[in-house]
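Since the structure comes first, as C-alpha cells, the remarks are kept for the end.
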Amino acid sequence: MNEGPYTHQASDSAYQFVKAALERGHEIFRVFFYHDGVNNGTRLMVPPQDDRNLQQAWSQLAEKHQLDLVVCIAAAQRRGVLDAGEAKRHGKDADNIAPGFRISGLGQLIEAGMVADRLVVFGD
Amino acid sequence: MNEGPYTHQASDSAYQFVKAALERGHEIFRVFFYHDGVNNGTRLMVPPQDDRNLQQAWSQLAEKHQLDLVVCIAAAQRRGVLDAGEAKRHGKDADNIAPGFRISGLGQLIEAGMVADRLVVFGD
Amino acid sequence: MPTLHTVNKSPFERSAFISALNHMRPGDALLMIEDGVVGARKASAFAALLENASQRCAIYVLAPDLAARGMAEKDLVPAAKLVDYGGFVDLVVQHARTQAWL
Amino acid sequence: MPTLHTVNKSPFERSAFISALNHMRPGDALLMIEDGVVGARKASAFAALLENASQRCAIYVLAPDLAARGMAEKDLVPAAKLVDYGGFVDLVVQHARTQAWL
Amino acid sequence: MADVQAPRVDASVKKRFLCVNRKAPYGTIYALEALEVVLISAAFEQDVSLAFLDDGVFQLAKGQSTAGIGMKNFSPTYKALGDYEVRKIYVEKESLDERGLAPADLMEITYEDEAEGFAEKPLIRIVSRAELSEIMAQQDILLNF
Amino acid sequence: MADVQAPRVDASVKKRFLCVNRKAPYGTIYALEALEVVLISAAFEQDVSLAFLDDGVFQLAKGQSTAGIGMKNFSPTYKALGDYEVRKIYVEKESLDERGLAPADLMEITYEDEAEGFAEKPLIRIVSRAELSEIMAQQDILLNF
C-alpha cells in the first residue's frame, strides 16, 4: 500500500482486495504501508460523516481477521506517523498511530515477499 | 500547495518559490494548503537527519516573514491534521498541527485569489 | 506461469498503459482498475491497441470501478471481460506474479 | 496579457505536457519544472514538438531541477532558456495568470 | 458540503475564476475537492466558471454508481451548480472525441433563468480546444486540479 | 540508510525479487524509497535485482546535483549497490533511446568479483524491452515503484 487515504484510490482498492481475498478463504500474511501509505494509519482522521473512514475500515478489518498491518518506520517518521514509543524517542509531545497498526522496519516487506505466495502492490 | 511533503516535490518547489518571491521583495498574501498539502502542517514529522524537514522549513519561513500558512479544514480533517480545538471538538486525544500553521476554511483560498495579484498552484 | 499486469491510470493521462502493453508476453493478463478502466472504452483513441493486445493476452476490467465512472460492458471493446474484487483475487492466484504499472 | 504555463511532469510519463502545448496561445510562455525538465532534452521523442512550439511561445526550464537530474543547458533543445527560482517568480509577475498543468 | 464563511475582503472585488478540471473522478480526490472549492466560492460572489478537459470530462459522465467501490457518488452535486450561481460550464470537444464520448453521455445540468421566468436552461457548453484556450486567457485566476 | 533487521523467517527461502523503477528521481520519492528497500533486502540474502525502465532510467543519470533544490542527492548510493550483494541492474535500451540517452550518460556502477581476485566489473546491463519482459517473467516477486 503505497498511497495515503482519500487523495488516491489505492487505499480503497487495497482494502476491497483484502476483504475479497479473505471472503475467498485466503490468508493475508501482512499489509505493508509504505511511502504515503503510512498516512492510512493515523487515528486523527475525521472524514465527513457521509464518507468512509479508511483508518477505521482497516483497523476493524484487522481486528476481525487478525491482520498484521505494518507501517514502515522510515516512511512514517518522514510523514509524521508515530506510536507512543517513537514519539517519546524523538521528543514529540503526541502520537497518532491507530489501533491495529504497528510500526516496524522495511525488512517486514521483504519478509512478507519471502513468506507469502503472492505480493500485490497498490499505489499511484 | 496541493501535495504532502516528501512524496512529491511540490512542497519543496512551493517553498523555494515563496522564498525567492520574498527575496525579490514581493509580498506573500497567503500559502493555502489543500488536498494532501495539509500534511505539510504536522509537527510530528521526523525526517532523517541528513534530509530537510519541510514542516520546520515552512514554520521558520512563516515566523521570519509573518507568512499566513492556512491548512484547509475539510481536507485536514479527512487526513488527520488537527489543532487543539479541532481535536477537542471531534473527541480526539491528540493534535498535530505545527507552529505557524492555522486551520481554516476553503473560503480563504477564494479570498486569497481575490486579494492577491497572482495565484500559483503547486501539485502532483 | 504467466504474469498479471494491473494498470490503475488512464491511458489518456499516463503512459503506464502503453508500457504495460509493451511488456506483456503472450498468455499474460491485463487487469484495468481505478481510473485505468477508461482505457477500455470502445471508439476511444486506445481501442485498436487494446483489441490488438487481446489477440495474445486476456483483458479484464474491474466492474465496480467501471460503474463508478458511469460505464458498463456495452461501452467497452468486445475483448474486455468484467471481474469484481473476488475475480481480481482469483486472477492474482492464477498468475505467478503481479506487475503493477503504477 | 499572456499566460504562464507550468508543467511539472515528464512528457514520457504523462500527457500534461502535450495538453499544455495544445492550449498555449501565441505569446504565452511554458516553464518546465520538477520532473517536467526532462521534456526539454534534445534528441528525445518530444524535442521536435517543443522546437515547433518555440516558434510562437517562449520555453523556460528551471535550472535547479535540471541539475538535479544530471542535465545542463547543452542537453536541451536550443530554444530552452534556463531560469532559477527568482526567474520563476519574475515569469509569474510578467504574465497575467499561471496555468499549472498538474 | 462544506462550511460557508462570510467573505472578509472588499466585497466590490469581482474576479473571474476558472476551475480547471483535468482528472477522472474517484481514482483521485481532485474532482471532489475541486467541487468543494466551487461550492464555497458562491458565498464570495465572484465570476466562477468550470472547465472540463482531458480526463476531467469523465467527471460529468452520466450514470455514475459507486456502491461497488465504497466511495460516495458526488456526481449529483454537479447538477446543483446552477443553484450556486454557476452559469458557465465548459467541456472541451476534443477531449470528448478522443475518449469516444458524446455530449449525450454527459449529465444534464441546468439552471433557472430568472430573466426568463425561471426557465430551465443548460449549463454545459461544448467548446473547441481553441475556444477553451481563449476562455482560459480571459480569466483572472486559474484554479488547477 | 535504514535500520537493518535480522530476518525472522526460514533462512533457506531464497526468492527472486525484482525492483521495478519507472519514475524520475526527485519529482517523487519513489526512487529514493525503492533504493531503501534494496539496501534492506541485502540482510535477507535474497536474489535481488533492479530494473530501470521508462523515466526510471533518469535515476542512474551521471552528474546529479541537488544543491539548488534543497534535497539530498542520493545517486551515489547506487554506486554502493555492489557492496549490498546486488549483481544485476537492468536498464531498458528502448527507454534510453526514447529519452535521447546513451549508456555513457549513466553512472558507472561496479562490483568486486570475488571469484576473479576482486576485479571491478560493471553491474549495469543494457537489455532490450523483450529481454526485460523475459526477465520480469522469471521473478518470484515484483516490487513496483
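When the chains are written out, they are named A, B, C, D, E and F in that same order, and each has its own residue count from 1.
Everything that follows uses one rule, which is that a residue touches a chain if its C-beta (ideal position, glycine included) is under 8 Å from a C-beta of that chain, and two chains touch if they have at least 3 such contacts.
Every value quoted in this text rests on a predicted model; they were computed, and no experiment measured them.
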- Note on the structure: Going from subunit B to subunit C via touching chains takes a minimum number of steps equal to 2
- Task: Name, by label, each chain that touches both members of the pair subunit A and subunit C.
- Result: E, F
- Item | Centroid comparison with subunit B (C-alpha atoms), farthest chain | C
- When B-E is set beside B-D, which has more C-beta pairs in contact? B-E
- List the centre-to-centre spacing of subunit D and subunit E in whole Å, with centres computed as mean CA coordinates. 28
- Query: Between subunit B and subunit F, what is the gap in Å from one C-alpha centre to the other?
  - Reply: 34
- Message: Two or more other chains touching the same residue: where does that happen in subunit E?
- Response: 26-29, 54, 69, 71, 140-142, 144-145
- Residues of subunit C engaged with two or more neighbouring chains: 8, 12-13, 15-16, 34-35, 64, 84, 97-98, 100, 102
- Among the residues of subunit B, which ones contact at least 2 other chains? 2, 6-7, 9, 13, 16, 35, 51, 74, 119, 121, 123-124
- Every chain pair meeting the touch definition is listed as A-B, A-C, A-E, A-F, B-D, B-E, B-F, C-D, C-E, C-F, D-E, D-F
- Residue ranges of subunit E in contact with subunit D within the complex: 20, 22, 53-54, 94, 129, 132-134, 136-137, 139-142, 144-145
- Task: Within their complex, state which residues of subunit B touch subunit F.
- Result: 6-9, 12-13, 15-16, 50-52, 57
- subunit B partner contacts - residues on subunit F that touch it in the complex: 26-29, 69-72
- Could you pull out which subunit C residues touch subunit A in their complex? 6, 8, 33-35, 64, 84-86, 88-90, 92-93, 97-98, 100, 102
- Message: With touch defined as at the start, can you tell me which subunit C residues reach subunit E in the complex?
- Response: 8-10, 12-13, 34-36, 38, 41-45, 47, 63-65, 67-72, 84
